[in-house]
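Each of the next two complexes has chain A plus one other chain: chain B in the first, chain C in the second.
Right after this comes the complex of A and B.
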């Protein structure tokens, strides 16, 4: 039996980290866009596209965070609460007259702290990630409520106009800043994940923790890094929400952790770890956004939108499971036969 | 003249409830291949895991290249030039060959991974080892033997001066074993020290210079291989004369219990016909991948059958799923007891009760605790399972006792036929004898027993009749008296003509 030394580059691309599913869902995304475009002529209008992209941006950001954590084989349920915490802490500080940029910095520190705690609880104390982040989720939501004595904040005022423009209202080269922020953070985190040592280690521990440990990889710091990325993304989304509404709302980001899982999983990130690419998360977040936007135009009530998105999530995971358990099994049998031939 | 490059003295290591290493000393010279021998559970792997930093020792001294080492982590060991190839495959299945080889030691250029360089380096290593695999291929897509070779390549890529191989050949084909031995000889000439753990004593003569023997967590002896006979090695490993290694009881062969006719299921179960009588044990011999496990799975209803008839006590029965087989009294003790045989996190009581809940439950589906306890007590007593009490996790028992629990859960329901798949794999000699006794008792009580085993002496020692499988077909049948290793092996290698008949074990 001859092994092919060089693989076909196209095949290699498809094999890489779940590219196959990314291609499938991209086709799905295109079909969705065409359908909504036909149903509603204004779907492709400049105004709606800009609006749509601004809807997608926060979902993409939290999706990036969740993808990082899922690839390590864990999950982050605290995302939504960290979004709320970020929104409330920054808004409260600004209403108290703190310089908006100082407020942003303090908020970022608080959020990163949650990420570090998550990572330590999961990797160092070996708590199941579901439980650990369920705990920090509740705590972070409590902090969001307590910072302004259980009230939403007042308007963050005129002094914060620069902050609001930076995160939401401003435009650069005719494109809203929110979209720029999401795009730039995506570029940075995609680079980190695919081109650096830390990124490689994130895949490795998601694929096989024991093998990684024996190869000298620091499991605790790698896991913590993934949770920190997740916290940073959530923090930015909280700031965007604060900038959008000009005030702090305690339940900002509610259930966002689930949207984040949806965006990741639709985009081919495996909940079992080791597999997924961030371009997939872009497609996943886009499908989420296009469905929301398109169904809204079509006059579907929120309930219907929820049901449709739920169904899409289940189908994506089902695809993942079929690919994972259906295919390798056949391969294994084949391998066994090959061995026999050689024996 | 040769310096010791590894010296381990008075090493102690305990795990909860077990003393794994008790005052063990070990040394290794540059430019030698040292075989580390002992039965399962003798502590060989544990000792080597201590040396490679995977486990931390409780006490004792280690020096590597004359340098006394206190805190040894996998990374530190690697830096000191120690590389280990673990018994279990330790690969990231989602990553490519090159990515696995350089895992934890990635090459970067100003912080960015240089994949091209790693791929070409990996290619060089693979070429040097004569392994025809592309470094870019995803490890999960490779056959097990190839994965094993990648693991070896990974260990060598660290430029290790001390190389530990824990059962490296168990998944390899004969050609790959030859390649591996060539590599080992080359490394020895380059002055590396190699520790070689293997159960296949016949391999030793090709490469080994010295042997160290361990038993029950203790150091027994070490000696030059050239001055030592196999007999001496074996008696040192076992340490005691095992009388009646294969206790055999005679029992009158009674009427036919089970008959399998024209069974087909996939490529590894092809046109199987056999019968089983009361009072006999039928052994199924064959090489790895001959279809023995597949055959038991097809009979038990785990895998779908394409065709075939199963006749139990004269009646043709239909087995579509395991429950059909169980209801008819046809049960399977699977190969991998931890994975397929036991719920290791449930108690022994719950494990034994699990397939019998239909008997134990009242009409409303509530488990009758009194009946359950009685069943469990009886089973534990009959099989002499040694346990603190029936409430401990099944996973906490020793291998032999675990195996008894797996058998025990079936005996409670008056089974007619018990199929064992590799029942003695991974358990020690004394526990093996107990399993043999158990099989004999089943046979005497009129239950049909057939068992799959890869250990030839065991098959020949215990069976009354032996079936040999090759390539999914039954290629030979012998009564125990007329069977010899050669005749069995001959049948086990009757491959189809297009296949190479020169197989090796």
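Right after this comes the complex of A and C.
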């Protein structure tokens, strides 16, 4: 008789690395929602929930991109600038009469190019990711400014109404399209990360780059793929912002890279690489959104909101570091060798 | 007819003017476990690299499965089907066992991963070996032994023809080593070949079909099983038996270090006393308790019950003060305990500033240290760049640093790990120098190596319990039982 060796998929999911923090922050998210709901019952109104989800969607998207890059053990600081670049390029093209969908395509190509450059600088030229993406961050912001001669664009006009509906105003089954876009992209990228060989390679190079190289993994292409995913997500967010405002603004996406790091890290993605799951990024982005929205309802000024989110990010990173380096695992206690001994 | 897996003929490799491999001949057949005992470390790293990849050589020929793959005229840089299992794991800690074995390998074609199928595939291998490893367990949660089995399975799945096992007893406990040996025999019977590298011929004799003795990058002798005798090998090795131990100094009923019925999660009721200048070896057969002993002595944890006394004072109450009376020498200390950017003298004085607060502002202290230690260390003491010094000199630095600091007890973690025969001989001398200063030396080990040469007592720990104690005059009983 054939024996069944397969483990329950739910058990497998719970055993996944980083799931502990996801569960913790999910509990935190629920508590936050309850607290804000008690403070202001309109927090749970249909309109606010719909708005809240639409607010979370862009943060989730850039969070997905940053999560991919963080899992490879790198960081992408160019996210905010790529958002701005995407917004300005698409808006400028549309104001010049280019078909909105062609404009979207051209914008996507430009953003992917930034992702490829980031990947090559980090993996091929061995530049520290912080420095490499700091450079492309400045370059992309410069492009966002130069593309319309240092001015915000005019309105993208009625011809782009379809574009605006597709990315922001339209609804399918009563749910805003922005939410659908975020959900579909999340599903695709989550599948890619958790169910495919590429995903395993992304985790592997973040965890042990030398072992990955010895296992025949192409470090350059895998790292570049992660940066491309980040660029695609940033591009989509730029398009959403363009559709929202109906014009291109040069400072669109400013400081978004920090929101992306916040969403990823709160959701359990490790800044040291190799760990994290995209369901965590959903929770991380939700916490960010709920805090922004809830504190706004509670009448807290922007400065307080920023402080609260900053504190939560620091605590999340601290938790990650403690879990990874401080807490001894029972089985690891067996290990005498390689122990840190302070002489 | 026996199938040949690898043949190295008169291979010479020179790097930076040093002859790493000198007219080296090595012949390994299918299903054979070839031992390689390195009398000194020269050429060991180069040999492993050459087996794995066809890197340029200065003279000679390399044949893999009968084909000429490398010679002095042309080196293709191609990779041979050789896997290496050593202390530095080649596994990805954040992925599961199944991912490491099946997904992270060259030639894995499937794009979509089906964990269930991988689990079933792994189960076939583990059942065959009669070991249990959960396919979905993260590698980071495995013990060294389990990681070793996973690496072995990965090598088998990858289709390696030759597996190099390097200094495995340095990180696998004695009881687990027996299981690993059984696994090697199992796969050797199926046609896999092994190169078993170790520093002790006794270990190689237990498992190998043939043993090669390598010194200065050259194979000096190949022994078959009929020649596996200590007398034959003694011509090629140093004599460790004529090293005299310094005297032990009794220091009251509590000794200098005392454990009284100490319990932790892994330690079960351990009691012992160590005297001044005494050398005690703790051999942990399962590699379970030594980590906790280190954590206890490093103030990272407290015992669940029991008492630890250092020079009569309770460790629990005066831990931070007593910690100054204790030193650690880590495994591979020249990598882990020295600061490359500092000069030899600064490294030597590094611990001393705990006792002499104005050490760094008062050059005369360092000058007098240099004068005092120059006769022992030599002119290397004035070196500004320690990276250019020999391992002997760097080991001197590590041990004389402790010698200068003069703690009451020093804990050495596997001091002989990775050291060749000459270095081990030198280390024994250094340990004895510490003992001459009445410093108690506690050696924590998972393999016995040459510890008995320097030890006054051997404590054997099994499953967290102190199960046997041997005094130096009884060591032959332990050797017989092994």
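Throughout what follows, the second predicted complex is superposed on the first by the 312 of 343 C-alpha atoms of A that agree within 3 Å, B and C clash if a C-alpha of one lies under 4 Å from a C-alpha of the other, contacts with A are read in each partner's own complex, and residues count from 1 in each chain.
In this section, a residue touches a chain if its C-beta (ideal position, glycine included) is under 8 Å from a C-beta of that chain, and two chains touch if they have at least 3 such contacts.
Computed from a predicted structure; not experimentally measured.
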item: Partner chain in contact with A:46 - chain B first, chain C second, else both or neither; value: neither
item: Contacts of A:158 with chain B and chain C, given as first, second, both or neither; value: neither
item: Contacts of A:195 with chain B and chain C, given as first, second, both or neither; value: both
item: Chain B versus chain C as contact partner of A:208, first or second or both or neither; value: both
item: Touching partner for A:274 - first (chain B), second (chain C), both, neither; value: both
item: Residues of chain A that lie at the interface with chain B and also at the interface with chain C; value: 3, 5-7, 12, 15, 17, 195-197, 199-201, 203-204, 206-208, 210-212, 214-217, 274-275, 331, 333, 335-339, 341-343
item: Of all residues in chain A, those that touch chain C in their complex; value: 3, 5-7, 9, 11-12, 15, 17, 195-201, 203-204, 206-208, 210-212, 214-217, 274-275, 329-339, 341-343
item: In the complex, chain B residues that touch chain A; value: 54, 73-75, 78, 84, 86, 90-95, 99-100, 103-106, 108, 111-113, 132-134, 136-138, 140-145, 173-175, 266-268, 287-289, 471, 495, 499-500, 503-504
item: Chain A residues touching chain B - in the complex, by the definition given at the top; value: 2-7, 12, 15, 17, 195-197, 199-201, 203-204, 206-208, 210-217, 274-275, 328, 331, 333, 335-343
item: List of chain C residues in touch with chain A within their complex; value: 87, 89-95, 99, 103-108, 110-113, 115-116, 119-120, 122-123, 135-138, 140-144, 170-171, 265-266, 284, 286-288, 290-292, 294, 298, 327-331, 336-337, 351, 413-414, 444, 446
